[in-house]
């Protein structure tokens, strides 16, 4: 039998005071697996009646205490899970071990599934916009992310007072549905100057540097080498060797009224404080301080500077190697062909 | 007798090495109270000769050690403070319990009073611009906010070396007069992606989401539901259902030369990297990347796009449902009526 | 003999699992010293054969365990190091004490030297652009800066899992070659609202306030009093009494294609969301939202508003007391003389 599993992971869950799962950390998620491991996992969840839910708490389940762990450990001594064995054993020793399994790429139904999907993105196992994240906001809980881990909002005031009474501080770093990525995984070959600006679910390509002003939402990110000092909205992907200048903006579709899904091609440069609301083709430059939305009317020029025609930005989003600028004397936005694409500073990226 | 108290709170203070109060945490401040509780508090401070100062250290005062706490506890067994009783008892067990009382809304004279006022704002007990904060900068101390709590700047180098000598890090998160709000209170129904961007004294309405790029100063904030990815300067209030795009700016009056007090009406959208230096009326949109100061000259258009007249932005700050944009071909800033106001993405806010 | 030393410091190093130095904290670096202390330090490194390397591990060196510390302590009882004696003794008691010495200002060859140079800048012992930082990116390692100190990237996954298994969180604040300055030194008379935005190697003048949106790279900073709510790129210096508005940008030369070294004179104001790509002379203002690069063509006006001539920004970078704005009706960038320079709000700075 050739079983196939979209993704799975062993993880460690955080529970709230009511014993509900509010968050899961998966040190080593796996995607797109077939064969004996896939079959074994499916059988395991099936036998526990957890296939529908898609996850299994391996300890503390009312009727299964210890049993499941005893069931799983021998399986690990087989020829399965050879690479992850040590990590899985470590996880099984934690207070709240969990096994999550997605057979098909369905919309996340619960927190373990939602967190698995976010992990897949940040572990570079899937690309942004390639998996089903429908209803994600409704599944995730709004939590306080603190120096003592994730805390249910309702439990917060009590814990804050308790800490202060003892002369300590409960440091609340974020109150959000998404934690910061770096506390879950730091993918290879990246620099992230301020980790609080990257949500779990971001996909950061190898060779990417994210400076202090850079931001990457979930289901968004870079393909490979890139310099990110601007904001990558949900759903936006930045091509290899591109540079987002300080506080540059890629218009999102979650809020603010943007409808066009933005992307940035390879070898692009969006200048500091600039922004785009349309897909930018390879080799294009948007000058510092200029915001071009999909409806911005533009004077399209040829190489000699002669007007070809007036266009809307979205009509020319396929044009490669063009410079978008505002003529500083006439005030008109212009688009003009360029010969030399922008290049990244190798010294900043070769040593990541 | 019908006593009235502007505000009061029991709190926990942090002292520096000299034994001076440098910061106070009030888990549950109260505003605008009358009746027996108010009378009781006034009598208490009066009897301790602390009415003028407005606060009372309940332990460690040279001549009152333990006495005050013994005096207060029986009062709590009365019909007073029924809701806060447990919290007050917890506070009294801390090392530096304090009681702060403002009979009238006067300028803050000392740190306990200043912190009480900042708490009132963040607990949504008072609105920005509604209380007396004169001289606040002079009263507050510049402190290091660390993983070990607030530390006097003078004590810092010694503590940093001490930590490192022991192989630890003293994490300095901020060196400022204002701490971050979330370590004091997380009001209900909000998300705050990066808590370091909101000062204590911010007023965040229920249903507000503050994204990573959002910032809210003290004495500023939102009325209700809002999406905040831009900066709310001191004194600025954002109306319900408005959206501040990524890195958008509301010009402040504390620095940078702004003199006009800015505000944003209901159902407004300020685009990414845009900004305003004048009060924006309900239902208005400022396009992404456009900064309109109060003196910006604008072509005011009618619905057909015909020029009505040239105006300065501040002259039309009362106009509702207008779009501010820069004509991308002529370079002129225009203001034109719109029919459909911006709307927020419900999914992002209903689950806060 | 009149020995001269460019800089030296006793420090505490962090080692990775292989025993390599990955980071050094110097509580009190010294620059430009001569006389008996300089001679003593040179002799010490010379005798240990470490003059070439420029640093000496005072413990844990295979053949020198304890010897060096025994050698150094008596020297401290001399008339040397009178001011730093206590700190040095504290350092010597740490697990990994180190002595680093630069006789000449050469390019940093190793991590102790590189960190010494960054400390010199942040301790205000040298100005940005005044010391040799060639090859810095190649010398520094990309590290995880955590609540447990600096951690080698390779050691990270294991440590993250270990923490979570025990119900704790390993907080990863940054993954970068540069740590944040404040964990090493908080220079006198400054406020830093969010310390994660200032790298070690920044030079922050006395009286500077850096707000939440402010950012200062290494080898960059302010001369004295300043309000910084914008971004200071590597190599950029801001003159006294200048104000960088929220999210304003100074174009850097490390990435994004900027080639002109930017600076800001005294008494300047760069408005919110504005930016410059050329050196701005004293007393100049760039209006909010306007980005002027070195090649921006500008209408240079006289006091009456009459066009003098069209110029590129870099051609008039020497002009003092000018306002840069975009005419909001014609769309043309203009430069016009101003009489009153911008002034800072004293209340915000006098109490630092």
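Note that the chains take the letters A, B and C in the order they are written out, and that residue 1 is the start of every chain.
Here, a contact is a pair of C-beta atoms (placed from the backbone, for glycine too) under 8 Å apart; a residue touches a chain by one contact, two chains touch by 3 or more.
Worth saying up front: this structure is predicted, and the values here are computed from it rather than measured.
Colleague: What's the call on chain A versus chain B, same or different interface residues, using the half cut on shared numbers?
Modeller: different
Colleague: Between copies chain B and chain C, what's the superposition rotation on C-alpha atoms, in steps of 5 degrees?
Modeller: Roughly 120 degrees of rotation.
Colleague: How far is the middle of chain A from the middle of chain B, if each middle is the mean of its Cα atoms, in Å?
Modeller: That pair's centroid distance is 31 Å.
Colleague: Among the residues of chain B, which are close enough to touch at least two other chains?
Modeller: Within chain B, the residues that touch at least two other chains are 147, 173, 196, 247, 273-274, 289-290, 326-327, 330-332.
Colleague: What residues of chain C sit close enough to touch chain A in their complex?
Modeller: Residues 137-138, 140, 142, 144, 147, 153, 156-157, 160-162, 164-165, 167-178, 196-197, 199, 215, 231, 233, 247, 249, 251, 254-257, 273-275, 277, 289-291, 293, 296-299, 310, 326-327, 330-333.
Colleague: Can you check the complex and tell me which residues of chain B touch chain A?
Modeller: 12, 25, 27, 87, 90-91, 93-95, 147-149, 173, 182-186, 188, 190-196, 212-213, 227, 229, 243, 245-247, 269, 271-274, 287-290, 326-332, 342, 344-345, 347-348, 351-352
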